[in-house]
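The same subunit A turns up in both complexes below, where it pairs with subunit B and then with subunit C.
What follows is the complex of A and B.
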């Protein structure tokens, strides 16, 4: 009876460690919010969700390329090629205001537009926007014409010139097709964050926030309501899913 | 009588030729050996070896894979029954030294073993991984 009423040491320790772990996951900020829950594997994606990203340029450290390295590792963008034709799904860009001299460092990736010009020009339907707003290339039907690369105002896409080997099972890539950031779609479908966001958080910058911008209760929606954010090339009215804060 | 004899000789020759043909059909010449795909790592269930009955999956796996790829690519459906990654994870096995067979050399790779024999080229592995991901 005594044993039942007073929790054993093991149980106490367990509760303590759980509390600590929970505290840790809350403290870095990004882990608990953003994605509410994983979609069941057999369920199709829905347009009720729109995945988006908010990048805080004031937190994005100059010279840090954790997001780029994470992307390269995640998708195996390591083939030997010329610098001109290197596949870049995400890159760091430095901006300097000529008038004031202010400098910004920010990651550039596919902006996952609501009205993506790449899908408009694609002759085969290989460039498409998924119901949840993620813009993808179906490389099964991509013929490598590269119209989408010319249409994209953000230069977000890459063409693969070389025969590739040892691709990652979750990220198939091959010669003669166009590819770009896919928001790590296989991770998102499992309720996880894109690799770049995870890496940025792990490095303690927390400059990238990923989540459902259609859900008013998601962390990204709440932050978008509070802060001033802008899109790149708003004149084109593409309504990108990637927004920048502090530009 | 002479004619009959001639005919019977001719018949014997014909029979001989037919027999030799039959033998060669049953035992293929050494240049074309029957495919011997490596064994999978595990059975799909207690009652079923693969994700569909063997005769069904042998004939229709191409259609199943193609259907599933569109479901995954466009709708984000990520069930594993007909996923190529799941096929590779179970069917492509390492040798005793831990090396996986090369898809471009020989016919030891599970997919290549039959596709070589049937002379059907596959494009899957221009892009897709040919072996399970090693941790």
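What follows is the complex of A and C.
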């Protein structure tokens, strides 16, 4: 179950080449800014869309790390550092219900809150929410104050404590700034699924469903109508875009 | 009876002056060296992690910022509340407010992941963020204090002095509220999410400010007698009591909210260093002992015990800030209420996030203190901040029999 996933290579290579070409033509600093605008030019980010995720904990296999590995590969989170300072955009968490004793396994990532405290507190506006609900950090203007990390109720963010090497051109990162899951925004803008979702499906678990929760005809909206799902810490009233089923 | 007070600059010939200058320069160099290394190697060389996000530099910075707003209180009492007793000391108090704030801000800025982007922080404002507001509040505070000093020094401007004094006083109340609110806005962190933090910070700022001020005053004037120190001494005691009241209220309300028992138990009984610092550092050294020194018949009459009480209350305030800022992070977030975390690579299952500040962090913090000291000294050398005579009768003629 732990095998490495390699999301279709030709597609990845294509992405890489285009990104490298783009990266060569603009200053590296500009590239940092680029991700938030990676959507196809002809289509503006629309507030009619809200990207969301439904995670079925009953299908998420204990001990499976496919989504985590896919994320690490996709974004190049491969630096060697201490466990306490390692960047983790997605992590696996094992839970036991204190009342019933039932055990759950689930992936934990940025919940892409509708009312994100991280963007509220960010002094420069580096943390922002796109019209389609994806919460991002513009690493071009992040000053590394870490206030957003203090504010996030889900511990979804990581600060980069060391100089990074071997970065992926499509996922720029940098020492001294904060980062978190971006739903693979540049893939989503091209009509693709986030890397973690793809990996989970390829492994045959189908535990993660990604889509537009504002579109009543999308698969995720239909499923949300059928099943009981919940958000983490509903008392915070953040209305996360990530929902959990079976918790 | 009204008497004009004459002021003087410090001579700057005494060896103590040069020693202080030398030591603070050394501290600043240490701080800059630490900042350079934190920038070069990244925060990996500090004790801070993705769990303990804000560390020792923040304790130093907030300590200095909070004390800065409190130290202005002496000037405020003189001009806003028109107490002639504090009048000769108002200039010095406004000066200290500036220099301590600058020192604190320096630490805060140099701890950023990208201090080189300071200009971005100054030009990109997110007005929803209390941090942005604080940047404006801090800059405004420095300006106001400078204006206030100018009005106090310039005879022609004396008329507007009370107005500036009042504005500065109100501004500082907002400023400390803003600093306290940095934590109050962190809804997810149980230790911080309370309305008591801003008033607690205001009370703490008054204690720290007054204590720093009294120490400096006693340092510059050996002639000050016990009689003249009587009033600020009593005030200090009252303020220490006020902080204690808010700390008590903070913990009692937390104990009242069932969901917060965990974090309370952690800080008060099970938190290791945080529990020790709370009871030993804040309660015993920072509250009980100074109150004893200030009020007990046996000690309360000597300058030494007043000085020690000031030092101890500063120590206590620092411990309290450490417990609030770092202890509040060391207690893990409750992301899955009703669930027990049995596995996680991101320390969700930890009962306590460990943190040991590294030497770099202390160096950076001490650098901030060095900046405050050196700026104060230089200003006092250039402009007349200190009353020419600091004996009991000079400061308060009414005290003369």
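Note that in this section the second predicted complex is superposed on the first by the 205 of 247 C-alpha atoms of A that agree within 3 Å, B and C clash if a C-alpha of one lies under 4 Å from a C-alpha of the other, contacts with A are read in each partner's own complex, and residues count from 1 in each chain.
Keep this in mind: a contact is a pair of C-beta atoms (placed from the backbone, for glycine too) under 8 Å apart; a residue touches a chain by one contact, two chains touch by 3 or more.
It should be emphasised that the depicted structure is a prediction, and the values quoted were computed from it without experimental measurement.
Asks: Does the subunit A-based superposition show subunit B and subunit C clashing or fitting?
Replies: Partners fit side by side after overlay.
Asks: Go through the superposed model and pick first if A:189 touches only subunit B, second if only subunit C, both, or neither.
Replies: first
Asks: Is A:177 touching anything from subunit B or subunit C once the two structures are fitted on A? First, second, both or neither.
Replies: Both: A:177 reaches subunit B and subunit C.
Asks: Now for A:103: first (subunit B), second (subunit C), both, or neither, which partner does it touch?
Replies: second
Asks: Once the shared chain is lined up, is A:227 touching subunit B (first), subunit C (second), both, or neither of them?
Replies: neither
Asks: Residues of subunit A touched by subunit B versus by subunit C: which partner has the larger set?
Replies: Answer, by number of touched residues of subunit A: C.
Asks: Report for A:166: first if it touches subunit B alone, second if subunit C alone, otherwise both or neither.
Replies: Only subunit B is touched by A:166; subunit C is not.
Asks: Nearest CA pair across subunit B and subunit C in the overlay: distance in Å?
Replies: Least C-alpha distance: 11 Å.
Asks: Across the two complexes, find the residues of subunit A that touch subunit B and also touch subunit C.
Replies: Of subunit A, residues 163, 175, 177 contact subunit B in one complex and subunit C in the other.
Asks: Provide the residue numbers of subunit C that touch subunit A in the complex, in ascending order.
Replies: So the residues of subunit C touching subunit A come out as 39, 41-44, 48-51, 53-54, 112-115, 117-118, 120-121, 124-126, 128-132, 135, 182, 185-189, 329, 333-348.
Asks: Under the stated contact criterion, what part of subunit A meets subunit C in this complex?
Replies: Residues 68, 81-88, 91-99, 103-104, 108, 117, 119-126, 141-147, 149-155, 157-163, 175-178, 232-233, 236.
Asks: Name, in rising order, each residue of subunit A that touches subunit B in their complex.
Replies: 39, 41-45, 128, 130-132, 136, 138-140, 163-164, 166-170, 172-175, 177, 185-186, 189-190
Asks: Could you list, by residue number, the parts of subunit B that touch subunit A in their complex?
Replies: 69, 71, 73-80, 85, 88-89, 126-129, 132-133
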